[in-house]
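One chain, chain A, links the two complexes that follow: it is found with chain B in the first and with chain C in the second.
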Partner chain A sequence: MTPRSAKRGLVRPYVITDGRAHPTRNTFDLVTLVSAAQGGDLAGLSPEKRRVMALCRGGSLSVAEVVGHLQIPVSVTKVLLGDLVDSGHILTRSPIPSAELPDIKILQEVLDGLRARL
Partner chain B sequence: MGSALASEDVYLPDTVQTAVKLLVVGHFAVGKTTFVGTLSEIRPLRTEETMSQAGAHTDDLGGVPHKTTTTVALDFGRLTLNEHLVLYLFGAPGQQRFTQLWRDMTQGALGALVLADTRRLEHSYDVMGLLEEHGLPYAVAVNHFDGAPVFAEEDLREVLDLLPEIPLVTCDARDTRSSTQALISLVQYLYTRNTQEHA
Partner chain C sequence: MTRDIPEAVFWCLLAVALAVVVLLIRERRITARLRGKVKVLEDDVRARDAEVRHLAAVRLPALMESLTGRPVVPGLLHGRLAGSAFATGLHTVLDLFARSTETARERADVSAKSALKSSMRALQGLANEQQLAISEMQERHDDPYVLADLLEIDHTNSQFGRRAQAISVLCGSWPGRQRAASPLVDVVRGATSRIRDYRRVQVHSQVDVAVTSRAVEPIVLAVAELLDNAARHSQPNTSVQVNLQHAHNGVAIVIDDAGVGLLEQEIHRAEQLLAGQQSVDIQKLGDPPQFGFAVIGILADRYGFRVSVDTQSPYGGVRAVVFLPTALLTRVQDDTPRSVPAARPVPAPPAPIRPPLTRRTAPAAAPAPEPAQASAPAPEPAAAQPPAPAPQPAAQPGTQPDPASGPAAEPMTATALGLPKRRRRQPLAENVNPAPEPAEPAAPQGRSASEAAAIMGAFARGTRSGRSCASDATDSTDSTDSTDLEGNSQA
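And now, the complex of A and B:
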């Protein structure tokens, strides 16, 4: 077996030019939690947005779950949800994730939660 | 409430305020989907996205980078850890380089569990390199397959070129207890790292 250190230089780094425009709406992560706002008139919403609302009226879900249940691409889902937040139909639950170190309290809670499953 | 889904179990408790994510990564057929499915409280779901991938070798040629599009799927599962915290596990492929996907996936993730198979350890190099490039801390779990060779820990560490502090455990992705323990090793490591960086 060849150690990884001997191979490292061969495989990287790749320089990949990402020429694509960044999405204007960068506020959603796959684990941002969303739910339907109370009330919210559905009149005038597109069929896709109605599908999102019908799903989200049942309770809270992550963006990833909305994608998975409705089987629409991540990028499209983010745009639909962004519009629905702007129009007051959808509320987001968790804050925008940051690149900062995770809170030690959250890590402790994750550990406790996992240990409780053993 | 007229929800689109029959079962109420698909939704999170109303009290949940915070969602965190961990990645489960590794090469083709290493057991990522199995691992996520074993631990998830919901039927595992998948997200699909069409990705354009820049040709990897065109840069040196000075030509227009040629792009191909591929559908990339992420499997994910959910574990509600307490009344206000939920953990999502994303199983992600590591054999191809999709910059946008990796940026999205690693953003906000607490860390990653790298699944490895002793029959093809060198196939894990790419994914470990990607995690290092994105600065995401990880632990390694050897998913033991029947008939796969068993190596001493120090040999595995040398082949994988693991820093001494990086946890290396063995698991069976089909077994809940063993898979939970592998995740605990990862989170314990993230916790220790975090306390040290704040010290």
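And now, the complex of A and C:
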């Protein structure tokens, strides 16, 4: 396997984003879920955007996962994702707000209770 | 007797006078001859003086210039001196001068090149190091403002690195930096990364070949020099068009600019440099030195690609064509599957919210050489493949054993070490429809969002009720009923 340092760094991030550092929308979090929209036309997309589309076609992915697969920095990925949302290629879904998530203490107690029972 | 004396005196005097006359005449003749000789010699000396002056003032400077380009060295001033020992002497002087200048120049060239090379290599190393640091910073900071600054630094650093690299190649060094075989598009975009006006470059690709790893860096450098020339010699509001086209036995990179173009003699000079045959004299590159073509020539000669700039672009400027023979090309390889096992842990922590990702567990399972481990990284690469039918194979390993496991259950399997392994979340409709079209999974997302919310809510309520059940310690029946009961009552 090629070491990662040999693969990276050929195409620099400013070329990927065309010099932009600010995403067109500020809605992306690491856990924001993105998925491919229906019928997006891939013509005219940069190779990185195509790869994002290819990743997202398989189902929803979090931004963090897209970053991990693309191997480009988070903030750069957000710029790309912002573009793709603007062009209607992908849909985003915010993560479930933390207020609705179960308390970790309760989960622990459930676990303890289950262990006690079994 | 005394009468004879005057006669005798007369005769003596006559004889003396005769002798004097004869002597005078002879003397005169000798003087005339000598005068003539002296005149000739004087002429000769004057001629040699003039010749020496001519040597110092005209011929040696001309010879000096001829060593740096102009080929004409004037001959002797006085043709009659030709063939004389003096002329031979002068010729020897000229020869010695030429030879010593040549030697001195070569020595200076070698030492200048080696000094430049070592210092440029140091700079190149620093630039690479800095690029690594910048890359790390780009990954560490998730702030658009920081990123904006980093992008600028990165851009400047890349140009800086390219300059250092170009000079060290010119001085006989290798381009450095090992690269993996990369798609041609990425190679061209890599070249774009290293020039000032990268935003004006538009790449149109119709090819899907990759460049072999040893040729990546030289081609990046050569294309970067061409792109830099193109962007530098055209208006800032024009674009530089790059087309990648298949050709016979290779691929052509066509770079068109809408600039001023090249003059006839510039094209001639460029062609000489691009041929890369003769060694480049760094002192002949002008001031400021223009080493673009020279660097390209060296690289082209060394790696076996061809560059020409003799065509006019349809936009009015220069059309530069880089022809890459098949020997430098390879099939484009799908790097996505390879990239998945190589992926680093995600920098930010989604872990508290989500179960561990598969690619995190895969390296953990790697040391154990069990047969189950071999299959562990497999599903993810399949899922990550860009081609359209990929979602279907991705669904196979996880969901096929029980396609009817219900939309609520996230398919969970275990690694060889018994750690839970999370599958890529599938669209819920996929379980209903085992062979979806690639575009279809996106459709039911809206519906599954509410469902997911309901599921999460039910889960939360379930845990709460579970806790209350545990604290009650009276409920010994199955907890699902009570969960539903609680859930319904709370809903």
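Keep in mind that, in the parts below, the second predicted complex is superposed on the first by the 69 of 118 C-alpha atoms of A that agree within 3 Å, B and C clash if a C-alpha of one lies under 4 Å from a C-alpha of the other, contacts with A are read in each partner's own complex, and residues count from 1 in each chain.
Keep in mind that, in the parts below, a contact is a pair of C-beta atoms (placed from the backbone, for glycine too) under 8 Å apart; a residue touches a chain by one contact, two chains touch by 3 or more.
Only a predicted model underlies this, so the values are computations on that prediction, with no experimental measurement involved.
By the document's definition of touching, of the two partners only chain B reaches A:Leu118; chain C does not.
Once the two complexes are laid over each other on the shared chain, residue contacts for A:Leu91 go to chain C alone; chain B is not touched. In the superposition on chain A, contact of A:Val110 is made with both chain B and chain C.
Contacts of A:Arg51 after superposition: both chain B and chain C are touched. Contacts of A:Thr32 after superposition: chain B is touched, whereas chain C is not reached. Looking at chain A, you'll find residues 1-2, 4-5, 7-8, 11-15, 17-19, 30-31, 51, 54-55, 57-62, 64-65, 67-69, 71, 73-75, 93, 101-102, 106-107, 109-110, 112-114, 116-117 touch chain B in one structure and chain C in the other. Contacts from chain B toward chain A in the complex involve residues 1-5, 8, 10-12, 14, 16-21, 42, 45-50, 52-54, 56, 59, 65, 74, 76, 78-79, 81-82, 85-88, 90, 97, 99-100, 104-105, 107-108, 110, 121-122, 125-126, 128-129, 133, 155, 158-161, 176-177, 180-181, 183-184, 187-188, 190-191, 194-195, 197-198. Residues 131-132, 135, 138-139, 141-148, 150-152, 154-155, 158, 178-180, 182-183, 185-187, 189-190, 192-193, 198-199, 213, 216, 220, 335-336, 338-348, 350, 353-354, 357, 359, 383-388, 390-391, 394, 424-427, 430, 438-443, 445, 449, 452-453, 456-457, 459-460, 463-464, 466-467, 469-470 of chain C are the ones touching chain A in the complex.
Residues 1-5, 7-8, 11-20, 29-33, 51, 54-55, 57-62, 64-65, 67-69, 71, 73-75, 93-94, 97-99, 101-102, 104, 106-118 of chain A are the ones that touch chain B when the two sit in their complex. The residues of chain A lying in touch with chain C in their complex are 1-2, 4-15, 17-19, 21-23, 30-31, 35-39, 47, 50-51, 54-55, 57-62, 64-65, 67-69, 71, 73-76, 78-79, 91, 93, 95-96, 100-102, 106-107, 109-110, 112-114, 116-117.
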